[in-house]
Amino acid sequence: MRSAFERYEQGSAALLVNRAWCKGCTLCVDVCPSRILALDAAQLVHVSDIGKCIFCGLCAARCPDFVFVVERPKRRNARVRAGAGSN
Amino acid sequence: MPRVGEDLRKYLRVEMLPNVWCPGCGHGNVARGIAAALDDLQLPLEQLVMVGGIGCSGRTPFYFNASAMHTTHGRALAFATGIKLAKPELTIIVTMGDGDAAAIGGNHFIHACRRNIDLTAIVYNNSTYGMTGGQHAPTAPRGTRSSTTPRGSIEPPFDMVELALGAGATYVARTTTFDFEELPRRIAEAVRHPGFAVVEVLTQCPTFYGRMNGLGDAAAMLDYERDQTASCERITKEDLVGKLPLGVFRQAECPEYVREYAALCAASRGEGGQA
Amino acid sequence: MIPHDPFQVRLSGSGGQGVILAGVLLAEAGMHDGLQVVHTQSYGPAARLGAAKSEVVLSRHEIAFPEIGLPDAVVCLSRDAYVKYGSQLARDGLRIVDEQVASELPVAPDGAIVLPIIRTARELEAGGAITANVVALGAFVALSGAVSEDGLRRALRERVKPETFDVNQRAFDAGLRLGAAIAAAKAG
Amino acid sequence: MRPMRLIQGNEACALGAIRAGCSFYAGYPITPASEIMEWMARLLPPRGGVFLQMEDEIAALGAVIGASWAGAKAMTATSGPGFSLMQEHIGYAAMTETPCVIVDSQRGGPSTGMPTLPSQGDVMQARWGTHGDRPAIVLTASSVRDTYEVTVAAFNLSETYRLPVVLLLDAILSHMRENVELPELEVVDRARPDAPEGFQPFAGQEFLPFGAGANVVVTGLAHAESGRPRSSDGVNLERMLRRSLDRLAADAELISRYRTYRAEDARHLILAYGITARAARAAVDRLRSDGIRAGLLELQTLWPFPERLVAELASRVEQLIVPELNLGQLVWPVRAAVAGAAPVRALNRADGRLFSPPEIAAAVAEQEVAHAAGR
Amino acid sequence: MRPMRLIQGNEACALGAIRAGCSFYAGYPITPASEIMEWMARLLPPRGGVFLQMEDEIAALGAVIGASWAGAKAMTATSGPGFSLMQEHIGYAAMTETPCVIVDSQRGGPSTGMPTLPSQGDVMQARWGTHGDRPAIVLTASSVRDTYEVTVAAFNLSETYRLPVVLLLDAILSHMRENVELPELEVVDRARPDAPEGFQPFAGQEFLPFGAGANVVVTGLAHAESGRPRSSDGVNLERMLRRSLDRLAADAELISRYRTYRAEDARHLILAYGITARAARAAVDRLRSDGIRAGLLELQTLWPFPERLVAELASRVEQLIVPELNLGQLVWPVRAAVAGAAPVRALNRADGRLFSPPEIAAAVAEQEVAHAAGR
Amino acid sequence: MPRVGEDLRKYLRVEMLPNVWCPGCGHGNVARGIAAALDDLQLPLEQLVMVGGIGCSGRTPFYFNASAMHTTHGRALAFATGIKLAKPELTIIVTMGDGDAAAIGGNHFIHACRRNIDLTAIVYNNSTYGMTGGQHAPTAPRGTRSSTTPRGSIEPPFDMVELALGAGATYVARTTTFDFEELPRRIAEAVRHPGFAVVEVLTQCPTFYGRMNGLGDAAAMLDYERDQTASCERITKEDLVGKLPLGVFRQAECPEYVREYAALCAASRGEGGQA
Amino acid sequence: MRSAFERYEQGSAALLVNRAWCKGCTLCVDVCPSRILALDAAQLVHVSDIGKCIFCGLCAARCPDFVFVVERPKRRNARVRAGAGSN
Amino acid sequence: MIPHDPFQVRLSGSGGQGVILAGVLLAEAGMHDGLQVVHTQSYGPAARLGAAKSEVVLSRHEIAFPEIGLPDAVVCLSRDAYVKYGSQLARDGLRIVDEQVASELPVAPDGAIVLPIIRTARELEAGGAITANVVALGAFVALSGAVSEDGLRRALRERVKPETFDVNQRAFDAGLRLGAAIAAAKAG
């Protein structure tokens, strides 16, 4: 069973990605402000450059399949909570 | 509310994932909204029962780390009513689709609204029957196409908010899968509401409704949700023209059935009730 | 035409790859060739999300039992489909697997014909790969000879939307060429 | 011994339910079952039990099943039209191995029919009314006292086998009054596992309700022993259905309630059940006094059908007579079980009236073999 | 002869309905019957017929019955859960002698079960699912072409006998495609009286719809031939029910659709129906080639059950084998009809898979007599 | 409207009288109101179909000199929908009780409101199940007694007007058996309305509801109806406090389903629809 | 079967009463402004003095059982149409 | 006590006259006397509006069949009830008919005991006649002896509302006197 989360780190922050739950809908690709997400040949999401990730969490917020988990240092909270998505 | 991107796995029955929904299906967005609301509510999960109907949305309970009852088409609220009255300490969230809640289950829906039992009903409105292949739903706007309205629907749709209000529900809100912050907030509010609470969530079905009506992929459908709606609180009347209002339409404290029933029992205890 | 009677074909792929339609086209081609045909398929969320299958029985006689036993030919367009439906095959049966699928398998399938079906479709369409099903049919027709080219072209003409007929026609031709090349190599 | 009282069949049913520990009733008004509901509305609140009037019979049984999974012993009662509406949920209860009791007070059918008149027209429906196969226990009664006892038995069987149990009454029995002393009867509660850890809700008879430490999964889809759906894999489903059916078969003697009356040396065996068994019993006496060796097999358990018992008795008689207030229902399994060992005569009426003892006696006395039933 | 086409079972059903003159369809989505609805949504409007998606299956059949009384040939289609919900209205249609067709594409049950997998689990429900007794005609089919023809037959029988007719398909047949030429078939319309004056809507087979000059009275209560309610007088009701049942019995040969295959000299008779009959037919060939004299009786009319036919054939064979995709249903009336004349062996599976020809052949070849079904 | 006291026998199936209702039952008042409305409408009676549900009110069709369909409990509107679509030239009046329309039939009621098919639904609201012996109905006010609420009801009732409005009905009125002039006027208006029309009629059940709640005989109950209600048009807001408003709450011309369907058929005729 | 209407006349006006349909509910008795209606020993309505009848039709309007029919000369219409019963 | 075994009684009247309760009281009286009893009744709109019946079987033995055949005693409190339920009676059976009912019949019922039951109740209550059922029971007890006075008084005490016990007690006494007078006349 493919189920483990792959871990992409940038300092103390990390983006966890579970490709086993991905269905290739591209909602995350569409929403990523850093343009670091894309589908691979197997039509599953992959992270092209974790160095550019701002850990905004929009990929996780948009993903209907719980593919993403964002681990952040505490201080980032304020900024992230004001993230996009509201009318 | 949890931070955006938070690890919500503890609320999930991870061994049941990936879920059954099609790529880009908004039901997964609703599921995340429920998980985020649970993170906010900090309820004991062993006292939570998720009750689902039949249809795509009805599968939601399987994916949560709580008790799950996947019932029959349209009747989830009847089962939930029995559970709640038999064991009032349980918290109950009911997930239903539009076909489920508004078509076959319309009667249970309006009676649950009327009785005001402390349950939370989440109505996933994607304007179609997804599980059976994209038939017309009673929430689908006039003119929309489906496998049973190949020439466009001639039926007026239900406005679920109006219906819930007309039936007497004491908490009524509408939100969308587009708004991933408001969605969990409404769900948490609804769970906290001491009475029957309805949250209608507009959600995308790219596989059937989107494809048959030329609305594009999941991302395009989320934008469409945004464009077709407007908050009922923040904007002027002109902004609302042609848009579906979002927000909380009623939030009233009224006698809650389970408490009223407990009082009835207490009052009757003196009688003995011959047997 | 059909190498055995009945001739049983199992097409499989992921939801959205059009294997259901491919089965229908194959069955219609058989019908146009004068054969008796039965087509069955998987349904529901499994077929939309996971592995979908589409099965055709072709025979010169009335077909009593509608499902297939051990298939005489299998076509696999996705890894999950291969895992679920690709392993069973009659001895000396024909197994066509997309190259991408083959590349994801831990062990290369024994005796399989690996073809760039999805890539071919993608090249034809400049982007999507929705004609992979028809490319696969072309290869299947060339390699099995179970139905006639004419039968399949007629099925295509009658079944696909007019605006997509051209691209499907080209996909079919490309598939035929893929298959013919292998057949020639084998014969050679 | 409790005092002698004059009570109605429907009241006896409600009292039996209370005696059995029923703490949840959900229902919807319908003649001739409404008094069961009315009694439960009076009896439950002082005992802290839940009484709920639902919007229809479908919702009533839905609430009952939900309550059962919340741990309550739960019941509903209805008549033909409501029983037809409940069929989907009866199948759901069977599929989810939910203990509950469904009372159907039979009235003249089909359709709205004859709401105040008795019938035995739902006997096959009680077994076959829902789609698909299911293990079924269906009981009936012929007196007010029986109604009390069989209601307790219905709960006990329901708790023991984790099944919906159907109790068939009729318009006469529901509404008639008899003097009875209500005995204290033994009560069975569903088995609980020792600990919630690793509990598999569909691995056996043990049961844990919602909110008891195990996050139970319940679905009407085919499922694994864990409760998780397996809607494209019927091997589990068939195994679980057969396990239930086999358990009922193995416990046939426990489940099968019946009484015989002057049957030991009978040459003419009347097989009757419910209200009809009373006339049959009177007919036996009448026939015996005329020198005709008649006897009665009165079934209280209609399903699982006691094939062995009927086959065994049939092998010793000249004829079986099966009087029913319908156009021939239980006579089908009787004929299947008898398998030609003796002629089986169906005696039917569906006009809302009871068979009288003389009618049954006359039919037994006729020596000609009437047409077999069901045509 | 019309052109050869590759069509699905559900499409064939819709085309059969159109051919039979169906001008009204009301339904509700459900797997595996939804395509019938989708085809009707496409086919009816250009023909001026009515297509209506209702709020549930109960409403769908209610609308169908209403439309039939407005003079339309009307149909609905569903699967197990919806069929369970329709039971009350099936009884209403029978009580009101309303011509209409109800298609049930069977899927694995009970309850939500296995929505995409085939079953023959609703065979008894189709006969006994509603409360009370009623005349019932239940048909089934084993091929796409049969589906077309039997749908036309369902309408014709429904119009002839003024009854709801049930057509049982299954998930495989509904979804499979075969090459067929669709023949022109004869179509029957309900009889009309010469004049509306003095018309008694329940005096016989003649029918006048609403708005045709007679102020017709229709009720689900027991009623007189005028239609007026007689809810406390069952004599009328029983007479009318028996009249319908007797008419079906008298016309048994017209109603009973079946085919035999190599049955003339068979020692082992397979009695099968629906999709299972196809495997049985292949099994017969396989057994014959092994020198075993097997034969097939394929029933298309399940109810009224052809007792005489089965009894007659049973008297000439060593054994009957009854394979069903359920846990033993039609085998009950088979056993009742055979009445011990030959051993009856039930062969059952309820796991959502078809019997294969070798499985059936192996079961026939086994000489030992297995346990009888239903326990 | 006919004159008070007019001979209405030509609208009645006189051989079915006396009717089945108890002495003083308001259902007979509604029946007279229907007959008076028919006298006003001057419809051809052979094109009129009266459709009833199950319960006391469901018997109404038997007493009219028109086609009569006495259907199943709660489902009268489903049957009526089929009749109307199959034969649009028929005029259809549906009589339902409160249990019928609001309890078991609530779903058919709201969907009929939504679809806007040209039918007239008369809801006899007597706050009880009369035929089965006086059980609680979902329209009965909180605190009222019945054979299933012997200690008084703890449930909030439906407001049928609000429910109909919330479901989208295009004509919604409420009146009483007290007002024998307004009653036929509303019914006639409803029949003339080109779409789905709901008339709720408050009607007295002296046998059960009246007796169990100490409301006196039929005459006293009519006075009670008068005292508990007030016209929504004629009075000031203060007059309405604690009273149930009467009158016409919505009367809107919206696309009618049967006509829309006819247009759909006409537009599709060119296609042929392969068969 | 008792079903005929009894006819009580006053000049060209008449009150028709069908006692066979009466159930003795007394709604007519209650509403009659002339107090000429009452129940007899059989608990059915009877007319005590047709001479006092004003042919207002309220008995008919109130009766749930179609027991009454009022036959009036034409000129009375205006007055009668303004009869009681409205809120 | 009971003159025959089983002793079968049919009480009838119009809806609202309380014949159902009268049957229950009679059955309870029998029960208090140590008899086996079965009570059945008519239901639904017919019982509310038209003629209602209430039937009691009294026996020293277990009662197999719950309905009554030819009754040993009938009591009729309304004309419709008489027409529907009053005609059948065992030879030498007891038939008690209210005087008002008798006066409405075209032919006086043969051998019936005609008593002013409703009038007596009305006089007792100064208006209504809701105790006519109990007056009738008093007469029935006096004339038939089927159950004891004590048994019926106990039934009254246990079954009727406390606030109506007195008037019912008086009604029963009045009925006993009516019956006793006839019995004395017959004996004399």
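In this document, chain identifiers A, B, C, D, E, F, G and H correspond to the written order of the chains, with residue numbering beginning at 1 in each.
Operating definition for what follows: a residue touches a chain if its C-beta (ideal position, glycine included) is under 8 Å from a C-beta of that chain, and two chains touch if they have at least 3 such contacts.
Everything quoted here is computed from the prediction, not taken from an experiment.
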Both-way neighbours, i.e. chains that touch subunit H and touch subunit E: D, F
Shared interface partners, meaning chains that touch subunit B and subunit F: D, E
Comparison of B-C and F-G (more C-beta pairs in contact): F-G
CA centroid of subunit B to CA centroid of subunit G, Å: 57
Subunit F-subunit H separation of Cα centroids, rounded to whole Å: 42
Chain centre separation in whole Å, for subunit D relative to subunit B (CA means): 38
Residue numbers of subunit B (touch at least two other chains): 21-23, 54, 70, 72, 103-104, 106-107, 111, 131, 138, 151, 261, 264, 268
Multi-chain contact sites of subunit G, meaning residues that touch two or more partners: 23
Contacts with two or more other chains, residues of subunit C listed in rising order: 44, 46, 49
Interface residues, subunit C side, partner subunit E - complex: 24, 27-28, 30-31, 35-44, 46-47, 63-67, 69
Subunit F to subunit G touching residues, read off their complex: 3-9, 12, 14, 17-19, 21-29, 31-32, 35, 178-182, 206, 217-219, 222, 226, 229-231, 234, 246
Subunit B contact footprint on subunit F (complex, rising order): 103-107, 110-111, 114-116, 138, 151, 154-159, 162-168, 254-255, 257, 260-261, 263-264, 267-268
Interfacial residue positions of subunit H with respect to subunit F in the complex: 15, 44-45, 48-49
Partner subunit B, residues of subunit A touching it in the complex: 3, 16, 20-27, 30-31, 55-66, 68-72, 77, 80-81, 83, 85-87
